[in-house]
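Several structures are given next for inspection.
Both of the next two complexes hold subunit A, though its partner changes from subunit B to subunit C.
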Partner chain A sequence: MSATADSPGLWSRLYAAYGLSGPVAMLMFALFLLVPLLPGEFWTHVGTEVLILGLFAMSFNLLYGYMGQISFGHAAFFGVGAYATAMLFTALKTPAGQIGIPQFLASLLAGPPVAALAALVIGFFCVRLTGIYFAMLTLAFGEMLFYIVFSWYSFTKGDDGIQGLLPPPFFQDSANFYYFTLAIVTAAVFVMWRITESPFGYTLRTLRDNQRRAAFLGTNVRTHMLANFVIAGAFAGVAGALWGPFSRSVNPGLLGWGESGIAVFMTLIGGAGAIVGPLLGSVIYTLLQAVVKMYTVYWPLTIGSVILLIVLFAPGGILGIVDRRIRAARAEGEAKEGDPGAGPRDAPAPP
Partner chain B sequence: MDIGPYVLQLFSGLSRAMVLFLLSAGLSLIFGVMNILNFAHATLWLLSGYVTFSIFTFLSEQFGASPWLLLPAIVGAVSVMMLVGLALERFLIRRTYERELPEQLLLTFALVLILGDAIKLIWGLENRRINLGVEPVEMLDTLINPYHFVIVGTGVAVAAGLWYFLHRTRFGKIVRAAVYSRSMVSALGIPIPMIYAMVFALGVGLAALAGGVFLPLLPMALGVDLDIIVQCFAVVVIGGFGSMLGTFVASIIVGVVYAFSILFWPDGALAMIFLIVIAVLIWRPWGLFGTELRY
Partner chain C sequence: MSANILEVAGLEKHFGGVHVTCSINFAMQEGEQSAIIGPNGAGKSTFMNLLTGYHRPDAGKVVFAGEEITGLPPHQVARRGISRAFQVSSIFGRMTVAENVRAAVHAQMRATFRLFASAHRIGVEETGRVLALCGMERKRDLMAGELAQGDKKRLELAIALAGRPRLLFLDEPTAGMSIEEARSTMELVDRLNRELKLTVLFTEHDMGIVFNHARRLTLLHRGAIIVQGTPAEVRANETAQKVYLGEHHL
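And now, the complex of A and B:
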C-alpha cells in the first residue's frame, strides 16, 4: 500500500481525489468479481454473505461514521426488511414452493421501503437523543421489535421463522446469486457514496463534530438526523431483503442486538472513516468466522480477542492505520520536495 | 380469590429485582464516576456464580455438605472477582479513558465474548446450581422458598450499606463528588486513578455478591449474562444514571413487571420492560430519579 504514496500512478490519483476509499473500493470490486472462479461453492457462498453483511454494516456506518451516533438496534431494520421480503415471497410463491423471477424481484423490492418506514417511526423518537441515550433508545426499540416478531406467532411465525424461501431456478445457482448480490451492493455503495459526498453528507459530518455549532449555523439538527436514520434504515432493508433468499429462511434473531453487534464489529475492524471501511471489515469478519468455525467452537473468544486488540492498538480500524501510514509518508515526501500538494478530499477521521 | 400465584410471582419478582439492583448499582456507579458503560458487568456476575459454585463444591468435599458453606464460598468469590476487577481496570480499561464512547463499549463487549468462552473452557456447557436443600414454607395460599427472604434481605442490606457508604463516609463522598465533577475532585488533590480502580472493583464486587447469592435459586447457564445485562441497562435508564435511589426503585419496577408479565404474556415480558424504557427515554431521558444536569 505504501507504493501508492510514492509513484503518481492511477492509485495515487484515486487517493488524491477520493481518499483511501477510491483505491480500496476499486481493488475490492476487482477481487469480488473473481470470487466465483474459486473452486467449490463454499467461497461463493461466503462471498455473498460478505457482501450482504457488508452492506448492512455500511448502512450502520452512515449513522456511526458520518453522524457520530452509535446504534445498538440497527439490525431491527435489517430484520424488518428481511421479514417484509420473506412475507411477500411466501404470499407470491406457488403452493409447490416455486416463484417466478418477476414475483421474486417484487418481493425483494418490499424490503427497503418497509424498513425505511420502520426507521421513520423509530427514528422520530431516537433523533431527540444523542450519545449513550441514543444508543440505549435504539437498543430498546430494536429489542422490542425483536420480542414482537418473536412472540407474534400468527403474523410472523414466531421463533420458528419463515422457511422455504427458495429463489427461482436461475438464482439458485450460487454464482448467479452472487453476481446479482454484487450488482445490487455495488449500486447501493455508489448511491451511499454520492449521499455522503453531497452537501447533506457534509452537514451530517458537522453534526458529528459539533452538534451545537451546527444548530447555531441554522441546521435543523433533528430533520437531518431523521433523514439519515431513514436512509440508513432503507439500506439495511436492502441488505435484509437479500438475506432471506440467500439463506432460504428468516428468523427473529435477525432483529436482535447480536446482529446489530455484527455491524458494529465490522465497522470498527474495517474503519469507520471511509465508506468502504465496513465492507473491508465484513471481508475480514466473515472470512475469519468461516475459517475459525471449521476448527473450533470458540469463535466468540477469537473475535473478542481481535476486537480487544483493535480497540487497544488500532483505533480507526485497518483503513485508519493504512491512511495514517500514507499520510505520514506523504508528509515526509512533501517536506523533501517542499511542495504542498493537495491532500485527499475524503479525509478519513475516526469519529 | 386465589392469591397464591400472585404472591409467588411477587416474591420471584422481588428476588429478581434484588439481583438486578446489585448489578445495576455497580453498573451505575461505574458509569457515573468513570463514564464507562461496562457491558461485561453481567458476564463478571456469571463468572462469579461459577467461581462460587467451585468453592462451594470444594468446601463441601472437605467439610461435608452444609448450606452454611455458601457464606465462605461467596466471600471467597467476591474477593477473587474484586481482584479480577482490579486487574481488568489496571490493564485494559485504564487504556481507554481518553477514548470515544463506542471504543470503550467495544472493549467491554469484547470482554463479554472472551469471558463467556473462558467460562465455557473452564466449566463446560453444563449448568451449575447449588441445592441448599431448604424446604419451601407455606404462606398466603402458596409454597414459598424461604431463600427468597435471604435474597431480598441481602439486597436491602446492601442498598442501606451503599447509602451509608456514599453519604456518610469520606471515600463515599469523594465518589459522589467525582460523579458530578471529576476535574474538580482531581484539582483538590485526590488521585483519580485510584478512585477509578476502587469504584470498578467495588462494582465488580457487588456483581460478584449477586452471582453468589443468586446461585441457590436459579442455575447459572452460559448466555444468561446477555439477558441480564440488557435488563440492567433498562434499570439504569429507568432509574437514571448515577442515582442509587433511582436504581433501587427501577430494579423493583423491572423485576416485578417482568414477573407479572410472565403470568399474562410469557413471551412478552421483556417487551413490556423495553416499552417502559422507551417511555422513560422519551419523556425523561435522564431517568426517573436522575438529574437533568448529567443529561
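And now, the complex of A and C:
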C-alpha cells in the first residue's frame, strides 16, 4: 500500500514536488485546526505547547538536519527570546497587571531580534568549529547564558523568574491564543521552508555533506554557517516570545541544556530530513509526556527508551520510515510503468 | 599571442621538517592541456593544494590571470575561475546528482545568499548544460551517495565544470574507473579543452593516458621539478627514465 496507490492525484503530486513536507504539513495543519473543538481546555493547552516547542525544534533542525551541526545550546536563544518579550511585557503592562493588545504584540516582537543578536555573537565563535567541537561550544555558551540569567537578580530576577505575564483578555481565552499561535507557527514554517528550498538552503546541505568541497566551489563556509545560526536563533526567539504569555511566566530553565535537549529529542523522533519532522516529533513527545505523567513518575525513563529505539531502529525518525516506504513503493510503481518520475526533495536520514 | 594564465614562482612548502615543495617555477598558457607526473609522494597533490588555497605556501608566488592569488582561501580562489576535481570523489552524498551540480552553479553565480528565491528556478539552464556535457542527464534524480564508483567520479568532474571555470585541475581523473569509463572521461576532457578552450592540468598514474592526452609534461620528484617538456622530450630524458618512467617500461 502506498500514497500513490491510494490517491494518484494531489498527494502524489505534492510528494513529487515537496517530498514528505508538503503532504505531512497539510495533514498536520488540518488536524491542528480541529484541536480546540475537543472538549475541555486541556487539549487546547497541550496543542499550544506542541506548536511552540515544535517551532523551537524546527529552528534547531535548521542547524542539524540542513547544516549537519548539532547544537546542545539552542535553548539559549529560545530563553533569550522569552526573556526579551517578558521584560518588555513587564515594562509595558499597567501597575494593575493589564496590557493592551498593541503593547502585547510589541512585546512579542522583541523576542526574535534579541535572540538573533545573541546568536550572532555566540555563532561568531561556534562556526569556527564543526562536529563534536561545535556541539560542545554551543553547550558551553548556552550554560553561560543560563548562569548569567540565573544569577543576575537585579536585571533578570534570577531564579525567581518573571511572573504575571497575563496576556490581554482576548488572548486569555485558550482557543484564541491557540489559533494565534497556530497562525504564527504556520507563517514561520512557510518562511523556513522557503529558506530551505532556496539556493541558500541547498548551500547549507552542501555544508552538511562535504564542507571542504563546498569551499572549493566558492562558498564561504563560515559566513553561511553564521547566517544560518542567526536565522535559527531568530526562529527560536519567535518560539520563546510566545512561551512567556502562554505559560504566564519565564524562568532561567528555559535557557538550560535540558530545554536544548527537548529540541534534539523532538527532531530525532519526528525526523530531521523534512522541515515539519520536528513538529511531528513535538506532537509525539508532548502527548507522550502528558499521558505518561498522568500515570507514572518515570517520564525520563520512558523518553530515554523511546530515543534509544528510534536511534537504533529508525535513524531517520518517524518521517524517515514513512519516506523509505513511499520511495520503495514508488520505485516499484516506476519499474512497472517504466516512468522515471521525479524523486522527493527531502533527504530522509539525519547526519 | 597566448598569455600565461598561470604563473608560479619559487613556491615552497614544508610540513614540519619535510620539504614537500622545493622552489617550483611553473607556468601554463591559456588553452593548454598538461599533466603532472611523478612517483607517489612526489608532491603532486600538495602542489595542487597550494595552487587552490588548501595549503598556504611558505614562500613563493602564484599569479592567475594577472592577479596574485598566493595564500587566498579556497573559496576565493574558486571564485576567480580555478576549479578542481579530487582523486577520491568528493561529492554531496545526500543530494541528488542534479542538486550537486546546481549547488555548484549557484556557488559560481554567487547566488548562495539568496534566501527566498526558489533554488529550483536559478541556474537551471547551466545545470542542464553541465549534466548533458557529462552525459549524466538520465541519472539526475539519483542520490549521489548511491552512485557506482565510476559515476561518482563523473559527477566529481561535473561539479568542477559548473559555472565555466577558466582553469581546471584534475587529480587522477580516471582513478577507480573501468577502462571504458576512463576512455570516455578523457575524451570529455579533450573536448572541454578543444571546444571550450578550458585550460587543464591533470595528474595521472596511467602513462598511456598521460602520453595520449597531455601536450606538455612536468615530472615532479621529491617536491622538485625534474624535467618539463613535450611528451617526447620527457620520454627521452635520462633522469626521467631513472626516477619514474623506468618503472613503466616505456
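By definition in this document, the second predicted complex is superposed on the first by the 341 of 351 C-alpha atoms of A that agree within 3 Å, B and C clash if a C-alpha of one lies under 4 Å from a C-alpha of the other, contacts with A are read in each partner's own complex, and residues count from 1 in each chain.
Criterion: a contact is a pair of C-beta atoms (placed from the backbone, for glycine too) under 8 Å apart; a residue touches a chain by one contact, two chains touch by 3 or more.
Note that this is a predicted model, so its numbers are computed, not measured.
Peer 1: Which term applies to subunit B and subunit C once both are placed on subunit A by superposition, clash or fit?
Peer 2: With subunit A as the common anchor, subunit B and subunit C both fit in the superposed model.
Peer 1: Is A:214 contacted by the first partner subunit B, the second partner subunit C, both or neither?
Peer 2: second
Peer 1: A:311 in the overlay: touching subunit B, subunit C, both, or neither? Say first, second, both or neither.
Peer 2: It touches subunit B, and subunit C stays clear.
Peer 1: Which of the two partners, first being subunit B and second being subunit C, lies in contact with A:137: first, second, both, or neither?
Peer 2: After superposition on chain A, A:137 lies in contact with subunit B alone.
Peer 1: For the overlaid structures, how many degrees, to the nearest 10, lie between subunit B and subunit C at the C-alpha centre of subunit A?
Peer 2: Computed angle, apex subunit A: 80 degrees.
Peer 1: Kindly classify A:151 by the partners it touches after superposition: subunit B alone (first), subunit C alone (second), both, or neither?
Peer 2: A:151 sits against subunit B, while subunit C stays out of touch.
Peer 1: Please indicate which partner A:179 is in contact with in the superposed arrangement: first for subunit B, second for subunit C, both, or neither.
Peer 2: Neither subunit B nor subunit C is touched by A:179.
Peer 1: For subunit A, which side has the bigger count of touched residues, subunit B or subunit C?
Peer 2: B
Peer 1: Is A:29 contacted by the first partner subunit B, the second partner subunit C, both or neither?
Peer 2: A:29 contacts neither subunit B nor subunit C.
Peer 1: On the combined arrangement from the superposition, state the nearest Cα-Cα distance between subunit B and subunit C in Å.
Peer 2: 13
Peer 1: Using the superposition on chain A as set up above, list the residues of subunit A that contact both subunit B and subunit C.
Peer 2: none
Peer 1: Contact residues on subunit A for subunit B in the complex?
Peer 2: 64, 70, 125, 128-129, 131-133, 135-137, 139-141, 143-144, 147-148, 150-151, 158, 257-258, 261, 264-265, 268, 298, 300-301, 303-305, 307-308, 311-312, 315, 350-351
Peer 1: For a test of understanding, state which residues of subunit C touch subunit A in their complex under the given definition.
Peer 2: Residues of subunit C touching subunit A: 52, 54, 73-76, 78-79, 83-84, 86, 90-96, 99, 102-104, 106-108, 110-120, 122-123, 138, 141, 159, 162-163.
Peer 1: What part of subunit B is in contact with subunit A in the complex they form?
Peer 2: 37, 92, 95-96, 99-103, 105-107, 109-114, 116-118, 120-121, 226, 230, 233-234, 237, 241, 265, 267-268, 270-271, 274-275, 277-278, 281-282, 285, 295
Peer 1: Per the contact definition, I'd like the list of subunit A residues that touch subunit C in the complex.
Peer 2: Residue list for subunit A touching subunit C: 194-195, 197-203, 205-206, 208-210, 212-221, 224, 227, 231, 340, 342-343, 347, 349.
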